[in-house]
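Below: a set of structures, written as structure tokens.
Next come two complexes built around chain A: one with chain B, the other with chain C.
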Partner chain A sequence: MSLLDIKEMRVEFPSRRGHVVAVESLTLNVEPGEILGVVGESGAGKSTIGNAVIGLLEPPGQMTAGEVYLDGTRIDNLDDAAKRRIRGARIGMIFQDPLTSLDPLQTIERQLVDTIQMHLDLDQAQARARAVELLDAVGIPDPNIRIEQYPHQFSGGMRQRVVIALALCADPEMIIADEPTTALDVSVQAQILDLMKGLCRDRNVGMILITHDMGVIAETADRVAVMYRGRVVETGKTEQIMGTPVHDYTKSLISAVPRPEKRLHRFPLVTYIEDATELGDTLDLATHWLGQTRDYEGEDGDLLQADNLHMRFVTRHSFFAKHRLYLDAVDDVSFSIKTGEVFGLVGESGSGKSTVARMITGIYTPTGGTIRFAGADLTALKSRKEAAPWRRQMQMIFQDPFSSLNGRMRVRDIIAEPIHFHKMASSKDEAEQIVHDLLDVVGLGAQAAQKFPHEFSGGQRQRISIARALATRPRFLICDEPTSALDVSIQAQVLNLLKDLQQELGLTMLFISHDLPVIRQICDRVGVMRHGKLLEVAETENLFEDPQHDYTKHLLDLMPKFVGFQELTA
Partner chain B sequence: MLDSDIWYSFCRSPVTIASALLTILFFIGALFAPYVAPFNPFDLASIDIMDASLPPFWQEGGSTKFWLGTDDQGRDMWSTIIFGARVSLFVGFASVIFSIIMGVGLGLVSGYVGGRLDALIMRIADIQLSFPAILIALLIDGVARSVLPRSMHEEVAFYVLIFAIGISGWVQYARTVRGSTLVEKNKEYVQAARVIGIGPAIILLRHILPNVMGPVLVIATIHLAIAVITEATLSFLGVGVPPTTPSLGTLIRVGNDYLFSGEWWITIFPGIALVLLVLAINLLGDWLRDALNPKLR
Partner chain C sequence: MITFIIQRILQSVLVMLTVALIAFGLFRYVGDPINNMVGQDTSTEERAELRERLGLNDAFLVQFGRFAINAAQGEFGFSYQHRRPVSDLIVERLPATLELSLVSAILALFIGIPMGVYTAIRRNGAVSHAFMTLSLIGISLPTFLIGILLILFFGVILRWLPTFGRGDVVEIGGWTTGFLTASGLKSLIMPAITLALFQMTLIMRLVRAEMLEVLRTDFVKFGRARGLPDRYVHFVTALKNTLVPVITITGLQLGSIIAFAIITESVFQWPGMGLLFIQAIGEVDIPVMAAYLVLIAFFFVVINLVVDVLYYVVDPRLRVDRADSGGH
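Coming up: the complex of A and B.
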């Protein structure tokens, strides 16, 4: 008898358009002290498992078949009150976003002590002592002092530690962690994973670790269950799944993860997933619209040159200058990008990399420094009219495919907007033809033009975004974390598309990412940013093989060591 | 998808269906009043003073010709109510549209431009909110009456009324739209438009406006009920529409004088009509608010 036994679980979400089966005939078990990784892409039903086990399925979802046993007793058919006693006391929960899973209006002490007293028979002083002990165990320095603080006084990683402490309050036998490190930076992620691993081992707690990240699984889990469309397609020891996967989907999923240790020509494609369309034949630039009338010279040298860029935001407004507070988001950053080159900017959240991109495209006006593009000083341009010819030559692809397309416009109008604005087509029909061509280029097909953005998946939306960016025939493309909101299989497709387009069209690219393996696959040169400063610029291979700055070394150390399964792809 | 969801929620709520039917009946009555009403109460030739103050048909002395009775001048109550609702709804609609244009426009600019202009517009809104809407409408009406020559009163009364009610209601739209604009303007699709080089006016109209109109629609529905009430109140106080084209409010005021001399129907029936109209629109607005709110679905 295992600690947790799930037998033939089926979860349905009834709706008036038929029942959606989120999880089907799922059988899993977790032993004490074991970490079971549940991995899969969005919509695979991973989170539903966790919620079903603790009885927190969002209505109208319900478990329609199967049994759940905790340490030999059946728990899925208990009433609400009994389930509530199990939650927290015997099964702890760790959620994805530490910023929202703590009550901002209560001190850490209140939240911990309340939880402890709810489940254990302790008085105020004892409960507090236990809370301090727990904070110490999850690695919060000076727990005696910090326990009296509010959540906003903790950083993201520290908050996640507090959330873990909360989950441990009543000494649960079992912890369910739902994407516990997805919202955190790499350096923090490694620490949190180490912490969770240590806790499970020391306290003999079983854990279900739900994540989409193969790297996290490889480093943390003892066993893995791979989910695809509500079903477990494969379970086994982590080394076995990573090294010698049997199911096609697992193979695809693993091979799609960008490799940190070497540069490949292109990403292996996930053939198991149906919408894996590729840029078919090479474009014939001489006849294709994208290649026609490229009205700028194929000059060599630096296309973009940024000198001493500075961006200061006012974080507290005041009438008096001395009461204002500022944040220097970008501080004295200088770099240049050669024509035809892919330049990467890498850094953790808040390092100022997106701000740099927004200054170049003119969304923000820099508070200092100059940006020269093809010889022209963009920062000296006064009006939008003056800037228009340069705007046309540089376009941007955004991070979040769900907010970067106006949901009230048809795809055709979205892509045609820049064409009409820059008067790149002489007639409506010509514009229509260009839109169709562009949709073909990004692998969606002309029939997509009539639809609205919400009819597409994240990856398809990102393709629409790319089509819109190409519509002005730019020579310079800025990609701001273009794949960080996508599943890894989709990420591989989109990155391949970007890489193909870059080579076909001879685009110059600024590629912003926090993901070092992706950077290694895509970029020619890389700049490392931290706290608004550019620390190091180097050729990609040099940077990965021989990093100069301490912070770069630190980042490279934290990169998930994800190897294995090489022989199968090679 | 969305449309069919709304239709589904509509079909499952009998109260909403009833209020929608009632609202539609009122609208049809108002639009086609000259064809729907059995008499034209403004046609002096058809009015016979001998028919004055007849009770409804079920009372002693009433006739089925005037089934809701007649008023003090012999006009058929049923017909005057239909024509009165027409005036009430016209004023209500026109002032709501006025409020929307003003409020949405100022809200968009306030939210998008920000800074001092935003502060200025929002402080004006705050100041206006500290006065009851009816007071502002009364003030404007009073000013217009004293400024304009007496001969013009009748012809401009409608426009003054619409302006007065409209301007007292823009704040809610401006605040809501400003809030949504602040959210929308930081979304990446707006930034994408800026990267293309599109100017603020087109970004506001083509990109942001369609994305902030959802809540405006809901407010407008409930605001229509409020505007009808405000109009009725002003007309009841005697500063609303001219007596030659009576609205529901005017009818209630006129009937009020006869209430204690036994002719209760002159004021009660227009009152019931007003209550039904406002209630139906309000219920419809409540439903629309819930149906469009994904959290309550």
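Coming up: the complex of A and C.
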């Protein structure tokens, strides 16, 4: 008998329109000291498994069939009090977002000590000693001092360590980690994964690692279960799943992951996944409205040139100048983007890459330096009116497709808004026609115009964002992490779309991402940013093959190595 | 934090000066103060002399400055109606209003918060539904109607409680209190409930909404996932996190309890400031009205200051400078 045995589990969510089956005939087992990766895309039912095992399904969800055994004892039919005694004591949970997993109003000590005393018969001093020990074990420096602090005084990675310490309070035999590193930077992710691997090994703890990230699975898990629509479609050793997947879905999923080690012409099309529409071939973009009036002067050379850009934010206001504190979000950054080029900016959170994009589009006014666009000095423009023709030529696509579209407007109006604003259509009918064509171009079809954003999935919304950005016939597109909120299969589609549009319309692009494999697939040249400084700019292939700066080498080292399964993509 | 408090105090002073300006305008320009003070048979010369003596011919700023300085010392001149210093009247009436407001606020908080928590935790229970329905009545019925109904039922039909006044009061160092006598306490019950009912339902609904919000957060889920019992999750984790908005609203409501005690005081003939104010309006007793205005504004400002400081006590994220947070 394994440490954890799940047999034929079925979880249903009753709703007005019949029961939604989130998990169906699921059978899994985990051995002590083993890490079982559960991988799948959003909505596949991965997180539901974890919640069902510890008996914390969100109502009205319920487990309607199957059995769960922990170390040979059945636990799914226990009463609430008995289930509670298992939670934390025998099965620990780690959640995705360390920024929201801790109670912001209590000290780390209070949270640790209360949890410890809940499960173990220790007095205040002993519990505190154990808490310090745990913090030390998860790699928090000066645990004796830091224990008295509040969560907001810790960085994201440190908070996730605290979360792990909390999960370990009562020495559980089993840990369920639900996307534990998704919200973290790649360097922090590597540390946390190392920590969790070490804990499983040293304490002989079994772990279910739920994630959508193939790289994390490849680095960490011993065995993998691939989920699709509530069912496990394939289980096996990690090397076997990665190298010789059997099920079509697994093959599609793996082929959609951006390759860090080589550049492909385009992403393999994921046929298994629905709504995998490719760029419509119905329009000849070169002769269409979208492709017209692209005869800008000075087509060759640099389209955008940023010199000594500087952005300083005041982080502490004070009447006295010497008490003020500043953050130099962008510090002396210079680069240029050639016409028709895709320029990548890569860096961890807080490196200032998004700030650069915001300065170029005029959301922030730089505190120093100049931005020249097609020969004009944007930083010297006085009024919004003066800036409007330049702003029209550059458009932005944002990270979060859920918050970047106005939910109360129809898609038609969302896309038509910039057309009307810049007076680019002579009549309402013409604008309407342009909107329909744009929706065709991004692969949604004209019938999408009548709908509201909430009727679309994340990937489809990002297509709407792209259509909106194209509506002003821009020559320069800024994409700020355009796919980091999307599943890999959807990411592949959106990146293909961007790539096709870029080539057909001759767009120049600034592509911002923290994801090195994506950068490698899409960018011609890359700049690496850290702490507001631009460390290195190089041709993409040179950067990946022969990085010059130590930090770039470090970042490339940390990139999850995802090798194997060569046949399909070769 | 000290900078913040100083900032807030400066803002408060500004607010008080603005209110003082309005009160002064009321005093100086609504009707002629001289006409209000003297009788019909006063001659024009006497009026002119009085005008000069009272400084009513001075420049606007000088007059306003004099008014503000006097007001800061609690001097609002003489009541036209009572022929006594306004400050004396206020000192006489203030304890009645403050005692009533305090008891109402305590009732509202100590019944409203637990009811809010309860209805949030047992969202679909029968008792919760009953509370929610009752609270709807509490919000929709006007205060005076509730007061009159209470009087009718407990005062006239059952004859359990006195229908008006404060009952017997005890004077302790210039402060009259009804807390120490049986009749004083009995008189307090109905007005306090009347005044508290609206606030109670408001606080209950607010706490419920906030609780439901907090119960959905990750840290509550994580607390459950580490086996913390429901009692702990609800009352230690969740309740504390609902407090910031509750403190804000409670602070504002406490101010309005004092300010809007007027209606309750009228219904129960409670000898507080509200009643004084209503009578002053009837008699165009402008110094009393001006004083009331300034005093209520002062209460609001002080309460808001306390609320701002309480934020710091509840939420540690505000205590450190932003520059220090997120460090390693």
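In this section, the second predicted complex is superposed on the first by the 555 of 570 C-alpha atoms of A that agree within 3 Å, B and C clash if a C-alpha of one lies under 4 Å from a C-alpha of the other, contacts with A are read in each partner's own complex, and residues count from 1 in each chain.
We adopt the following convention: a residue touches a chain if its C-beta (ideal position, glycine included) is under 8 Å from a C-beta of that chain, and two chains touch if they have at least 3 such contacts.
Keep in mind the model is a prediction, meaning the values are calculated, not measured.
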item	value
Chain B versus chain C as contact partner of A:95, first or second or both or neither	second
Partner chain in contact with A:166 - chain B first, chain C second, else both or neither	second
Touched partner set for A:339, first chain B, second chain C, both or neither	neither
Chain B versus chain C as contact partner of A:391, first or second or both or neither	first
Touching partner for A:408 - first (chain B), second (chain C), both, neither	first
Most chain A residues touched (candidates chain B, chain C)	C
Partner chain(s) touched by A:422 [first = chain B, second = chain C, both, neither]	first
Contacts of A:472 with chain B and chain C, given as first, second, both or neither	first
Chain B versus chain C as contact partner of A:361, first or second or both or neither	first
Shared chain A contacts, counted only where both chain B and chain C touch the same residue	none
Chain C partner contacts - residues on chain A that touch it in the complex	54, 56, 84-89, 92-93, 95-97, 100-107, 114-115, 118-119, 141, 150, 152-155, 158, 163, 166-167, 169-170, 315-316, 318-319, 325, 327
Residue numbers on chain C that touch chain A, as the complex places them	3, 217-219, 221-229, 232, 236-237, 240-241, 314-317, 320-328
Contact set on chain B toward chain A in their complex	1, 8, 187-189, 191-199, 207, 210-211
Chain B contact footprint on chain A (complex, rising order)	16, 358, 361-363, 384, 387-388, 391-392, 394-396, 398-400, 403-408, 417-418, 421-422, 454, 465, 468, 472
